[in-house]
Structure formats: structure tokens, C-alpha cells
Amino acid sequence: MFFASDNWAGAHEAIAQRLLSASTGFAAAYGNSDLDKKVQARFSEVFERDVAVFFVSTGTAANSLSLASVQRPGGITFCHSEAHVIEDECGAPEFFSNASRLVAVSGEFGKIDPAQLSAKIAGYPEDAVHHGRASAVTITQATEIGTVYSLPEIGEISSIARKRNLPLHMDGARFANALVALGATPAEMTWKRGVDILSFGGTKNGCWCAEAIVFFNPDEAKEMPFIRKRAAQLFSKSRFIAAQFDAYFEEELWLGLARHSNSMADHLRAGIGASNSARLAWPTASNEVFAVITKSAAKTAESRGAKFYEWPIPVSMPELVSDNETLIRLVTSFATTEADVDGFLKCLAA
Amino acid sequence: MFFASDNWAGAHEAIAQRLLSASTGFAAAYGNSDLDKKVQARFSEVFERDVAVFFVSTGTAANSLSLASVQRPGGITFCHSEAHVIEDECGAPEFFSNASRLVAVSGEFGKIDPAQLSAKIAGYPEDAVHHGRASAVTITQATEIGTVYSLPEIGEISSIARKRNLPLHMDGARFANALVALGATPAEMTWKRGVDILSFGGTKNGCWCAEAIVFFNPDEAKEMPFIRKRAAQLFSKSRFIAAQFDAYFEEELWLGLARHSNSMADHLRAGIGASNSARLAWPTASNEVFAVITKSAAKTAESRGAKFYEWPIPVSMPELVSDNETLIRLVTSFATTEADVDGFLKCLAA
Amino acid sequence: MFFASDNWAGAHEAIAQRLLSASTGFAAAYGNSDLDKKVQARFSEVFERDVAVFFVSTGTAANSLSLASVQRPGGITFCHSEAHVIEDECGAPEFFSNASRLVAVSGEFGKIDPAQLSAKIAGYPEDAVHHGRASAVTITQATEIGTVYSLPEIGEISSIARKRNLPLHMDGARFANALVALGATPAEMTWKRGVDILSFGGTKNGCWCAEAIVFFNPDEAKEMPFIRKRAAQLFSKSRFIAAQFDAYFEEELWLGLARHSNSMADHLRAGIGASNSARLAWPTASNEVFAVITKSAAKTAESRGAKFYEWPIPVSMPELVSDNETLIRLVTSFATTEADVDGFLKCLAA
Amino acid sequence: MFFASDNWAGAHEAIAQRLLSASTGFAAAYGNSDLDKKVQARFSEVFERDVAVFFVSTGTAANSLSLASVQRPGGITFCHSEAHVIEDECGAPEFFSNASRLVAVSGEFGKIDPAQLSAKIAGYPEDAVHHGRASAVTITQATEIGTVYSLPEIGEISSIARKRNLPLHMDGARFANALVALGATPAEMTWKRGVDILSFGGTKNGCWCAEAIVFFNPDEAKEMPFIRKRAAQLFSKSRFIAAQFDAYFEEELWLGLARHSNSMADHLRAGIGASNSARLAWPTASNEVFAVITKSAAKTAESRGAKFYEWPIPVSMPELVSDNETLIRLVTSFATTEADVDGFLKCLAA
């Protein structure tokens, strides 16, 4: 009953086996091996477009270097107020962007509100040297709280960004989960809707450590080899990342893993929706479920070995829980079993 | 015949298998798993002292964050003029150290000359605000050009550093190779000789990706969790690093792998020393061999599939090669075979 | 009728004359002249305590270097949501602090709300590496919108900061105006109430360019000479700043200038309070007045040569102005005359 | 007998008087006053070309922000090994350039040797991600040791830079002294010889504090308003800089002041050249004179009140002084009198 995070799982067997089989033999270092090149080409197929791909070690690195690549002096990146970049990366996005600033935009259910975004951007007129200047927008798909931007919602954000020539970055730490939730193609969910740079995460969906930065316009990636190297993110034995992605994309393994974890979340959602001692805090569509449960149910679950995090009450929902309740986050992964879910639901019923 | 670099090898089978077996099951993320803790404790045993250990993704990260942890405004780190930090890390050490500066110190055979170091440090008196100020010293063991500091040599450097209260960092990307070359213990080659912080590299010696920063005084590591996280170097599935080190240290695998690669280098050294068409450029003691060979021998070797890099002529040895010769670097690894070495030596003889 | 800002005035005659008389003769550079030392000692007298003083070129520099001196990796400085550091310094505080982050705290009338501050700080528990960590608090006295923290209010903020060992910085760009508004001594308004570091501004109160960073505990200033030099803020002919402060402090000129500008603001406040076509937007106590006036009155005033800025409607007061009204800021200075004020009030009456 | 530095002088009377007369009246802040605009236009006249001008507070700021404006990730700026940027700015150039690196190029008499420059640049091939990449070249005119690049020498450096598309910056802290030494026009010594960005110093030549960054191609200055503001270098009462430059340029005052200080240096050079107890260390052409004098003569001079610095023996001239001698630097300024020079020469003769 491990629902603490999708990064508590190990690696999917197919990925682990591919690493094993890739471990023999010699190959050029620093991303120049045949396997590296094969996988880079595979990304272009997946996205139906020539893309530039850069492997990095963490999702924080992917986000931070993406934003660093579009940084400007005095620059400001707009993100949701609960975004991972502003809440959970210890200042890395600013650190790698030569101290560019993140400005939080509010919006329901973890998604940037377009009107709020327009208003915030308007607060930074083109030549207002004192305030700093609008430089980029970043959205998270799926969001930190389990929701998913629809394709038109992405398009709306990108058209606002476009008006001020702001590049649009997508934090796709849970890209696959959002993708299968929407039933969209990778192209549809990104560049066809105006996304310029993507943090493509594999770690949370069955890899050990496989994160990539994807530029949909490779010309805009010219600085990235230096940005990445200077950021200490250029792996020598880069093929160990490539091997993971190689297995990840094979026969659509990645989509299957995401479908599995989403379906385990569906199962949780259904069970909680039908429960007397718990309720869904807000609707989610990916592999994260937020539930309000009684404190006693939480204790019972923990005593039976369930792992999950209590979550801070969102500022926008001050009356979400009553005194004897608590808000919890449940995250499913490729490794979650139906038995885990049923076991947890039984705790609630106890 | 792959002698381009030790990072062209994959992962040793025992390490790859351990990764496979670690891939199942759930475990706490961000370095808090049982396996992470077991391996952290193992480091303290290896070094015969309570140490603080931080896994990172690359040797550049290990060096850069080590130096960042001792950075001061206007700070200067002294390194050898051919050190990896100043030659091959694209400015990462300065980047992570809030623009602290590296100052090169010369010295024969890749090793800092103690008298030169003293003289350089003296150029930065304590309160000379214009020049900047001495902040740290870093040495590389084994060095970039295959040599190894003796234990007294390390002690001499550290005593110079100590006089000005400068912490001493050791870049141990090839730590194991140096260790077995000296026949020393890890403790003897580090803190017993005054080393404060170590970049402990496993990648070049049979791991996929296993680098660690080791603080011999854990009190001095208090900022490091934040420095590492902000540097985007905190792995979520950190146990995948731990698993590699777990196998690495088991039954002294790491020392065995280093002994193997050093012995392959010995074999190369012997063959080149005895050759008519090649000679050793300078004496080396670890898994790197530098040879002056005829350009035609180089071509022959390449045409037969040998991989190696031509190396720039050191400034201090302008007459090292004649017109029809070239300087090459040959690096052996855990995966180098006797047949590889013999094959290469045959190319020279051809 | 120049009410755009107190930095539209030139320099007070006594200060300008002192510069003239200081221009002859030779003196040690970089802050080591006799005049520099005399003025540094004068600061200790003014603050009734041994202080360490560092001249810099702008208020932004004073704030940024103050905060840089207490920066920590992943660090967070708490400021009011309308503070100059977060609104009007183009990211300089983060830039000089190695990308430390500013977190906005709300509060009525430009002042940090203590409860909000406590709550925000609590969101960054000591060892929560992902969020970053609380590192400093900064307040502005007088505030950006003309209000003034009372002495007990400063004490309350500092006691909250103290609980987490956060140094407290005060942005005193309009220090003198706040001081005379409170009738307090410099000591009472700073270190006696828990302020650790002060940006002491002279520019807005009659100097050309005279800003100083004051450390109330000189031991905490040890890094500052290097921080300042590296920040390109060490003047060679530093005595030209010293000369300004020398005149500034002489016979309490600075307090007289602040009293004058505050009294001109009083005059404005009285006139606006009694006006039919204008009203005070909120109560202010220093040399800034915020008024809601009809758009037609604003046009009239501008056409008659009045200079002032329209001001954005505060988020917390969405209904402050009606459709035919606008919010304006009026700033008085040492150079404002009664005739200027009367002239402006006549515009309103027109 | 003040020869310690030209920044030990105060301000020339014409400049000090202009500041006094500019101190009355109101004017737009942050560089938007009429006087600011007048002086900016004056720069374009002086340089016979439309230029973009940015006032800053120190020469270190001018150099650092100039280089920051052309920084690139992993970037390297080539400078002379004795340049002010690498020796005397406490790391500010790297700090403001997001940790870009300075690489020292040797050359006789303080001037970059063109062949050495070419060789150094060649060490950083275009796509060599590990080494970092060539990004800019900076020269100092007059140099740190009193020599002056001839116009063809500047052209030669710029043509080397041009081959790799590296912008050329000139540190003109003593621009006027070099200019009058060459008898060239400002245009001839800069953009007509390929200089792209200039640090134009007025402080050492009779101003209190007047430094400017000049872009000869204003299109390349688009980021500079934000770079400067974020660097805390945008003066509010900017006209106090403008007023100094206004007087500085009037009736060629600046050239007259430089001619005076150079002629005082000529007088020193002649006297030392004819002396028995001293000799010129190397030929200089501007307002700096380097002399080898007996230690006893140095003591005598100091005891009689002469101020000067002993200078480190250049690495390239190890046998410059004998045991009983010392190397000293003598700097003249607009305020140096013939009596000062004669007085000093008498000390030598004593």
C-alpha cells in the first residue's frame, strides 16, 4: 500500500533488463553512442517532428535548464502558485537562470487561470526596467494536484504567452499520465498547442532515472549543450539513460505504464467516492488522488502499513476539511497493484 | 581496443545485476531508503570514520558542489593548471560557487608544486579586497595525466593549505586507481593526510553513474543538502545510486576492478617501453598511459579499430614529440582485456 | 509642483557646498581617507553603538548587498508584497544573493502582518530541503506607500524573526522621514527593536548619492568588504560620499530636511482632506501622500505643470476608486515649497 | 607628492562647480533628465557616431557589465594576465557574467601578444563543450602598467577577435591619458579599430565619480538597461553623473587634464631617466611611471611625505631589481603639480 509517491517505485522490469543488457561493450561517452543517437531519433518520431533532446538527471534539472535556456536579465517566469518549480525545487530554477524570478499565478485546481496570467503579465510592461520583464511561462502537465490541462486550455495559455513573445515551457514530470488521461498524442499536447520546451519525465513512470529536455525548435537549443555541461548534467555514460528510454518507448511501454497507474487511481477514486468515511477533495484525472478522510481512518491505514502524505490545505479551499478530518495525497504508479488499492480502501471502511 | 576513456565501458556485471535486483519493491525517495542508509554507513566503514555522504550525478557535480560548499565572496580555489575542474568542466565549478575563481598552479607531471602553491597563495593576502581571497585548494588523485600523488605529497599540500585555513578538496574521479597504485587505505589517502572533502568517483571504475561527495567532518556538510537540491542533484530514486555502490564495495569489488585496469595499463606501459616505434611520454602509475608514437603507427592503430585520443603537447614539454610523432592517451578500465592490449601493441609493431 | 518622487530633487545646498570644498587635496582611496573614517565614526555616534558602515551607490545596492550578506543556499527572504525589493529592483536582491528567493507577505497599509509572517515562515520547516529555507526578513521604513511601522510593530516583527534565527533587515531609503514621523532616535528605531542590518538612505533626503549599509553587529560584516568589492560598489574616491554624509549629519541637517518634507506632506494631506474633489486613499505619516482624485482634476494639474505618478490600485482595495477617479502618489522632498503645495491644491479646487 | 594613484585626487574645480550649479531644481530621475540626455548626445559627438551610453558607479562596474552584456553559458573572456579585470576586481567580472571565466593571455609590457591570443583562442574550438567557449576579448587602454596600445596594435587584436566573432571590449579607465599619448581621436582609438564596447572612465581624470559604458552599436545594448538595473547601478539622481561629464567634455577639459597628467609623468620619466639612484623599469607613455629605485631612496621619499606603492616584480622580468632596490609605481593626475614632481626627484637625489 505504497501511495506516498510514484518515485517510491523502483524500475519496471523491461527497463531494468534493458539496462542490464546495455551494460556490456564499449561506446562513445557524453551522449555520442549509437544508442544515444537512436533514442534521440526516437524522440523525434514520438513527437512527429525534429526535436532536440538533452538527457539530464532529475526533473528539477529538466525544468531549471529549460528555463535557463530562455532567461534574460531581470527576467520573470510565470508559473502556477502551487507549481513544483516554485514549491519544491529549492530555488533551482532561479539558481540556474542567473537569478531570474518566478512569479506565481493563481488558478483553480492547480491550473493557471488565463485571465490571471494576462493580468500578471500586464504588470510587467515591455520597458519597465524597475519591475523586471516577462520572459517565459511554464505549466505543469499533469499538475501538482493531479488535474490535467485540456488541449484547448494549453492553447489558451500559449496564445497569451505568444502575444508577448514569451516561450512556453511544460513541466512533464507526469507527462505520460496526462497524455493517456487526455487520449492525445505527444504532438497534440505540446507543440501543436504552442509548447516550445518540454521537461519529459520518465522516472516517475517506471524508469530509474530518465529525464529529458525536448526543444520543439532545435534552433533554440543552441546554447543548451553548454548550459547542460556547465550545470554538471552531462552524463559520461549517457547510454544508461538512453537504454532506459529505449525500453520505455518500445511497443508503447510508457503509455501502458501510465494507463496502468491512472487506472489504479481510477479504482481509488471510485472507492473513495463510494466511501462513507472519505471523499475526493477535488476531481483529478491522472495518477494522483486527493482525499479528505477522517483522522482515525488515516491512523488505521498507517497502522496497517499504508504509505501516503498528508497534504497542506489549499489556501483557496479553507473549509475543505472539518476538525476530525485530514487531507491526504495518494499517488499510484506502474507498480501499484489492485490488491494495494483494495487494501487501502478496506482501511477506510474499517 | 577501446582506450579512449574509462567512461566508454559500460557497467560491471555485478553492479548491473545489483541494479536489476534492486528494481523491485517500494522504497522511500530522495536518499531515505534503507539501501541508501546502508550504503552511507558503508562509506563510514570504508573511510574508518563517520563521514557525510551525498550522491550526485556526475564527477563535475561532485567537484563543483564540493567547492561550492566552501565558497566565499571573492573566493579563489587553487588547482593544478591541467586539472579537470579548470580544463574540462565548462566553468561548472565557478558557476556553482557563485562565480568564485579558479587559479592555476603549475607543477610537473600533473601535480601541484608545493612551492608554487605557497607563492600563489601569498599573492592573495588576507585582507586584499581587490585581488579576491584564497578560499580552497583542490588536487586530483589520480591526476589528469595518470600520475599519483604520494601520501607525503598530499600531506605537504594540505599543510600549506592549513596555514591559511584553506580547506583541501580531492577530485577522486579515479580514486580507486590511485589507491591501489599506492597500496594505501582510503583513510590514509584522504583525511589522515589532511583532505577535507572528497569527490569519490565510481563511474569510471565500473559503475553506470555513481559519484559521491564525502565530507570527513560531517559538521561542515550542513549546507550541502540545500546546495545539492538547489543544484538539481538530488535523485528521487536515489537507491539506484546506492545499489551500485552497494555492489561496488561488496567483497572489495572496487579495488579489484581498479587493480585490473591498472594492471592492463602496466601491460601497456611495458609493451610501449619495449617498443621501437613508441615510448612513454612520462611515467604514470594509474590506468592512464601517455605515449609518443609515430603518426603512421597512430593511423595503423586507428584503421584497425583502436580508439584513443591524441593529446595536446604540455606547455612544459615543448620538445616532447618530433614532426612525425604524436602524443596519445590510452585509458584502461575494468573492461579492458589482455587481448585488447596485445592487439594495440601489435599495431605499434606493425 | 514636482511631486513625482523625492529623487527628482537635486542636492541640498549645504551638501553640494561640502562636496565642492572636499574636492581639493589628495586623500587615500577606497574608503581609507580621514574624511571616510570621520564619517564612519559619526555613524556610530548617530546610532549610539559601534556599527560597521559601508557606502554604496544606490538604495538597490544597499538592500541587495545587505541581503547577500545573510544569504544561504536555497534561502528565502520574507518581505511585504509591495516592498521595493520585490517590486522595483529588477531582481537585484536575488541576483546578488546567489538566487535566493523573495517571498511576499501581505499586510495592510504596506506593512507586514505579523500573523501572516509567522504563517509564511512556518511553511518552510527547518529541514525541508525541497521548499528552501527561511533565511531573512526585510521591512521598509517608511514603507513604499507612505506609512510607518511603530516601534512596537518593528519589535513584533523582529521577535518573530528571532524565533527562527532570521536576521532582520530594514530598508531605510526614507529612514529620516520615518524617524521624525515617530519622533524616535535612530537607535530606538533599529537595533533596540531588533534590526540587524540597515539600508541607510541619504539620496532621497537631500544628498546626490549617499547610501550606506549599517551593521549593528560589526562581527557580522566580515564578508561585506568582499561582497561590496565583487559587486562593483567600492568607490575609489569614496570621500565624495563621505563628504555628503558629513554635511548631512552636521547640526542635524538630515532631521531638519526630513521634517521639512514631512511637513509639506502634512500640508498636502490637510488640503486634500479638506477638498471636495479629492480624498486621501489611506493615512500616511511620512513624505508620501496617496490621493484619489477625479481624472479631470489630474488632467488639470498636469496641464499646469504638476508632476506626479498615477499609482496601481492595491489588490486589497479593489473598490478604492470610481470610474471617473484615479489614484495618485505625491512625494515631497527637502526642496518642496509651500507654494508648490498650494499650487497643487489649487489645481484640485479648479 | 601624492603618486599613489590618480584616484587619490579629488575633483577638478570646473567639475565640482558644475555639480554645485546642477544641484538646484527638479529633474526626472533614472537618467531621463534633460541634462542626462544632453550628455548622452555629447558622447555621440565625441565618438563621431551614434552610441548608447550607460552611466555606472565604478570602473569595475563598467568592465563587469560590459562583459556581462556579451556573456554566454560556459563563456570565456580573454584578457592580459596583468589586467585590472583579472587582478583587481575581486571576481566582479565573473560574478556579473553568470560565472563566465577570464583566461589570461601573456604579452610584453602589459599588452596582449597577438600570437598568444590566437593560440589561446584556438584552445577553445567552437563546439568543445567541456572546455567552455571563447566569448569575448578585453584590452586595457592605457594598460595597467602605463603602456599604450598603438592604433595598429588595437586593430590586430580586433581582427583576431573578429575571426571568431568575439566582441572586443576596451577598459578605458585611463582612456583620456592613452588618447592624448597617441594623439588620436576617440573614434580612431575605438570603433574605427574594431572596439565594440568601451568602459569610459572619467573618475581617474578629474571627476568625482563618472564612469560610462559606451556601445558603438546601440542595437547590441538592448539588454543593458536591465543588466544595469539588476546590477544596482542605475542612479536615481543620475544627473549628478551627467553634470560631471558635461563639464568634463566642455571645451575639451578632459583632454587638457589628461595632457597635464601625462606631462607630469613625462617630467618624472625625464628626471628618473637622468637619475643615478633610479631608473625606469620599462617605457611608459601615459600617466603611470614605473621605476626601480634603491630601498634607501624609497625610504627617504616616504619619510618626506611622498605617497606611492611598491609594485610586485613582473613574472616576466625576474631580474629587474637587485637586492637593495625596489620597484615602485608613480601615478600622476590632473592635480599633480610640477613642484610635487620636483620634490620627488629631489628625494631620489638625496
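Note that the chains are named A, B, C and D in the order they appear, and that numbering of residues resets to 1 at the start of each chain.
Rule of thumb we're sticking to: a residue touches a chain if its C-beta (ideal position, glycine included) is under 8 Å from a C-beta of that chain, and two chains touch if they have at least 3 such contacts.
Nothing here was measured: the structure is a model prediction, and the numbers come from that model.
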| item | value |
| --- | --- |
| Intersection of the contact lists for chain A and chain B | C, D |
| Chain of greatest Cα-centre distance to chain C | B |
| Between chain C and chain D, centroid-to-centroid distance (C-alpha), Å | 34 |
| For chain B paired with chain C, centre-to-centre distance based on mean C-alpha positions, whole Å | 51 |
| Rounded Å distance between chain A and chain C, as computed from the means of their C-alpha atoms | 41 |
| Per-residue overlap in chain C, given as positions that touch at least 2 other chains | 73-74, 89-91, 95, 98-99, 129-130, 132, 226, 229-230, 234 |
| Overall pattern in which the protein chains touch one another (line/ring/star/complete/other) | complete |
| Residue ranges of chain A in contact with chain D within the complex | 30, 68, 72-74, 98-99, 127, 129-130, 132-133, 223, 225-227, 229-230, 234 |
| In the complex, chain B residues that touch chain D | 73-76, 87-91, 94-95, 97-102, 123, 129-132, 312 |
| Chain C contact footprint on chain D (complex, rising order) | 2, 4-5, 7-13, 15-17, 19-20, 22-29, 56-61, 64-65, 89-92, 95-96, 203-204, 208-209, 226, 229-237, 239-240, 307, 335 |
